[in-house]
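Presented sequentially are two complexes of chain A, the first with chain B as partner and the second with chain C.
Take a look at the complex of A and B:
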């Protein structure tokens, strides 16, 4: 089973909100100084799902990420977790893209690989939170897709998949190849082993440009966007926090109860 | 640009109209009125005709009924081609749907199949220049707000975050028509075989996500031995119990209790965050809460930036007094 995992590097979502800043004029997020970006949470679950499928059924896992040289750290971590190969997509033409432009580059890279049985991504990234890439890849590669996925098994030459719903799940029988957007319910991502970390330094990570993928610049990045970011801002807090004044914590607790009762919240 | 009207896609639901559909219908009605265009609703399923009257009573000018056994249960491979044909036939210029687990799947695929773009998980909309839709959504766990438009001349597709907007009210005397449309489906293009939805008995998520009051604890609770203080408060005020990722990772409470990016998305009237610092990923789960109360020992904790009412103090001291007084006031 040859599996491709597409991952994204994002600002660490565990940072306190006070460190979060945006540049309104440039419509971008200012990365907090000294905090290293991380692999988006759901993508770690996608890597783990791919490695588990490989351990059960053999084959190869290739991980792909689009971004500057910083994403090589993310790709190395994926190899250390058990992936076999990695590709970095880097080109000035990729910059400023939306989910569509990103999916177009990823789909072209997947096509350039020899073959694939399964493409896994996280259900959504923890930054822009749009969750479009797995469904977009299914459309662009013209294969079946499902998102968000909490279980995947190989059965009778195809796949048994459970798609998360609000009150449970929906079982789906799917063919190979398919694209799945992986949800966090599926597994607990492993930590890289020391052996894995050592191995990750030895795996070459090729860099593919837009020209390598045979893509024209107008399909990519800022020019390939299908949705336009008109404004980005930090919302003004409607109410600043009203602190309860009290001499003792017990008194504060009682005053809070009174406040909540007066506001008919309890 | 908006001459083709607004089309709302009803959430797959055989038994009755899904509450989230009414929320999208309300947003669709407001946009249709602002732009002076008609509002249609795409109703797909098998025995769903009975839902049409309620949609019209609540503001739909037209219900496009696509009844076919092959559309039940929902799967992307049957819904997306049928919806794409409908959008082309009706010439809709704005397409709205709910950002449920199901809507997130078919919404994106529909937009890509139509060769257009989609803005997902929107919290609000406003009409922009020349009939364009401006779609507003929280990003980076609610720490920033982004406003998007869809590029090009294709339909503008957007999905609406559930449980944020008010459902469409009944409009006295509102009239509309039901248009029965034939379902054209190429069975060879249906690659998947979906089964009926299975309800998970052990899932604590829905209760938490639907609760009007939520009490959640984090690292500041101090340990599992103090968790009964939260349970007692929750029981007294009729609240569901949640937790931050820190409390779940520490093994104090089971995973389904987690509120945040990778856990439950809650939108209660009252959210009491106890000993929770308020990291980006936690706040992503409670942006829909109306009133946030924070109890934390650290006056500099980030949670106070989001809270409406704050108490600085040790959880072990504040909670028993809060619970006792609340019981006295509410008679529980």
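Take a look at the complex of A and C:
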């Protein structure tokens, strides 16, 4: 089974939210300084799922990520966990892109590989939680897709997939190849072995640009966005507490009812 | 009268004796040779340094029964049997020599009254010891002892040896009395009982006793290598070969080199242990003292240090012996990772020793402290944990989180590196960068920097140092986790990354002295970092505070009229023998009454946070910290004092769980001293002084 895993490097989600700042003018998030970024949480589960499938069925796992040279640490971690090859997508043209622009780049990269039987990503990224890339990838690659997924097995030349629903799961059969957005229920991502950590330093990681992917500038980055970010801010949460003054409980009850009526709550 | 001057049919009995003796020696020799060959399959280890110190240990603990006598009943019975064995061996040599070489008499000792008396005396004392042992095993039945056949067979054999000796001795006196027999009162009494018998009967009794003793001795000799009585042979050597490294220092391995040579970085097969580790398994007598002291065993976990060692012994002698001996004879010397003839292979780590057994250990060293033959349990557990973590990647999820946190932000809780010195920001404490000539570097540690409760201890210590006029500084954000928790859990790689960072920082500043409030940092920075070529004078705060009080630089004047009990942290007490300093510091506070828990000093029970357990759940049995709180309550204190951030956290967690949080407050020694020395104002603002709370 040749599997592709798409991962994203994000600011550490374990940092207390109070430490993050928002630059409202530039509409960007400013994480606290000196904290190393990490692999997005659900992506770790996707890597683990891919490696487990490879261990069962043979084949090769390639991990791809879009970003600057910092993402190479994320790619190395994925290799230390058991991926065989990695590709970094880097280009100034990628900057400012949304999920769809990112998916366009990833899809082009996937098509550039020899072959694939399965594409796995995390169901959503730990920073923006948009959850669009898996579905967009499926559409662009013209294959079946399912999100979020808590189980995947190879059966009878196809895939048995369990898709998470609000109150349970949906069993589905899907063809090979497919795209799956992996959810955390599926596994416990492994800690890399020492051999893995050492090996990850030696695997070459090629860098592909927009030109390598044969993509036009309109599909990418700021220009390729389908979502316009209008405003980014930290909502101010306030609460006020009014005491209903009255002489008797009955009177208080009446006054409360009137207040709720005025507020159109009843 | 001579036992082997006659004939059995056509065969001279002396010949029979020769054949039996040589045969038994050959069988014994063959068994021992096999055991030695298996030891040679283990990895090399240097244990022959400091011969004098080693000899003194043997004198104190083998001949002097140092550890055995901590349990007076068992210690005494063993003292009788052991010394009986030693003294009576002379008699046994005489017995056999007399039979093998007709005309032989023992030089010097023969007919020497004290020698004669010693034989009689110890024959009886051994029987007393055996009786005490049988009573213990059948009536008292302490849980640490396994009630098994092997033990009763051995006790039976020993008793029979004594009886046969006395029988022969008594019969000889009846047949051929000597004037010196007055020095053998017991044998003489037995001879008296035989006095009325016809001579032929007396001779028969003599022969039965004499030859019975021969058969029993030779039988015992052949049996020893196959039973736990092997400890007779290996016990004293095992004590001699004890580790001479500082107690708290785990082995530092050259990870890069091992990976280059494709050698393992943890232990997953029996031959990856050193020959000394394997000798440990031979020396276990199944006494169970380790198990009786082990917090995991006490609280109902799967781990029993005794069965850990015995399971390894079984695995070596039964599961793997065939393979290891075959590999040896094929010329493949048991190199790390060499496999040979494989049959149904039981995984040592996983099948023989379950993963959870390894995780259960809190590295408190109570087992090693209790063991009369100085078996080393904890390093073996950590070696196997290294396999689980760095090779097999079978890690408890909480420990994975611990590793990720320490790697990402240099502390176990993922707090940002940049806020490591926030606790000190309004206190005016200089960093070492600002004050490089400070006399002391105050190594704060992760708990002291980030944990709300333990920050109060850091503040208290800082105030005390100021009041005493000690010049000190902190590393601030240049300090990162010492690496102790990840090392104990088995992530030697991450530990070395952390250690290298800290060693580099420390070498750059070259502090003269270091003081820390955490016994784990104290142990790691003070002893384990030496493996990286640096050595600093590191003290724990209780040691420094005691000294400052003795020098008059700190004078506790504010009364604390309370009955306190002090909980000895494992990494301060058992690891480094620091028991008196904290007690002296507490007693210096006027009004303090110090009560001891039953389990105190070297017998203190761990709070349950060591070995990485501060960061994971206990899923079976009772919680160790709850048990320890119960032990503290038995001393009826008004407050518990301790000197370790983990102990502090575990005690407070425990008192909350047992609903005594209000009635049994917990404080660090530094906090109590700080409260007692407040009449001396410091450079710190009055406001800071007011908002330190020690409940």
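Following the convention adopted for this analysis, the second predicted complex is superposed on the first by the 238 of 266 C-alpha atoms of A that agree within 3 Å, B and C clash if a C-alpha of one lies under 4 Å from a C-alpha of the other, contacts with A are read in each partner's own complex, and residues count from 1 in each chain.
In this section, a contact is a pair of C-beta atoms (placed from the backbone, for glycine too) under 8 Å apart; a residue touches a chain by one contact, two chains touch by 3 or more.
None of these values were measured; they are calculated from a predicted model.
Colleague: Counting residues of chain A in contact, which comes out ahead: chain B or chain C?
Modeller: B
Colleague: State whether A:147 touches chain B only (first), chain C only (second), both chains, or neither.
Modeller: It touches chain B, and chain C stays clear.
Colleague: One more residue to check, A:228. First (chain B), second (chain C), both or neither?
Modeller: A:228 sits against chain B, while chain C stays out of touch.
Colleague: Name the contact category of A:32: first (chain B only), second (chain C only), both, or neither.
Modeller: In the superposed model, A:32 contacts chain C only, not chain B.
Colleague: Applying the touch criterion given at the start, work out whether A:92 contacts chain B, chain C, both or neither, answering first, second, both or neither.
Modeller: Neither: A:92 stays clear of chain B and chain C.
Colleague: May I ask you to decide whether A:173 touches chain B, chain C, both, or neither, giving the answer as first, second, both or neither?
Modeller: In the superposed model, A:173 contacts chain B only, not chain C.
Colleague: Identify the partner contact of A:207: answer first if only chain B is touched, second if only chain C is, both if each is, neither if none is.
Modeller: neither
Colleague: Give one of first, second, both or neither to describe whether A:14 is in contact with chain B, with chain C, with both, or with none.
Modeller: both
Colleague: With the two structures laid over each other on chain A, which partner does A:194 touch: chain B (first), chain C (second), both, or neither?
Modeller: After superposition on chain A, A:194 lies in contact with chain C alone.
Colleague: Show me the chain A residues, by the header's touch rule, that chain B contacts in one structure and chain C contacts in the other.
Modeller: Looking at chain A, the two contact sets intersect at 14-15.
Colleague: Taking the complex as given, what residues does chain A use to touch chain B?
Modeller: Answer in residue numbers: 11, 13-18, 20, 22, 29, 41-42, 98-100, 124, 126-132, 135-136, 138-140, 143-148, 163-175, 178, 184, 225-235, 237, 239, 241-244, 248-254, 256-261, 263, 265-266.
Colleague: Which residues of chain B touch chain A in the complex?
Modeller: It is residues 73-77, 100-102, 104-105, 108-109, 111-113, 116-121, 134, 137-152, 191-200, 203, 206, 209, 213, 237, 261-262, 269-270, 277-281, 283-284, 291, 293-295, 302, 304-314, 317-326, 328-330 of chain B that touch chain A.
Colleague: What does chain A use to touch chain C in their complex?
Modeller: Contact set of chain A toward chain C: 12, 14-15, 19, 32-36, 38, 188, 190-195, 197-198.
Colleague: Can you list the chain C residues touching chain A in their complex?
Modeller: 255, 259, 265, 389-393, 395, 397, 400, 403, 405, 408-409, 414, 416-418, 493
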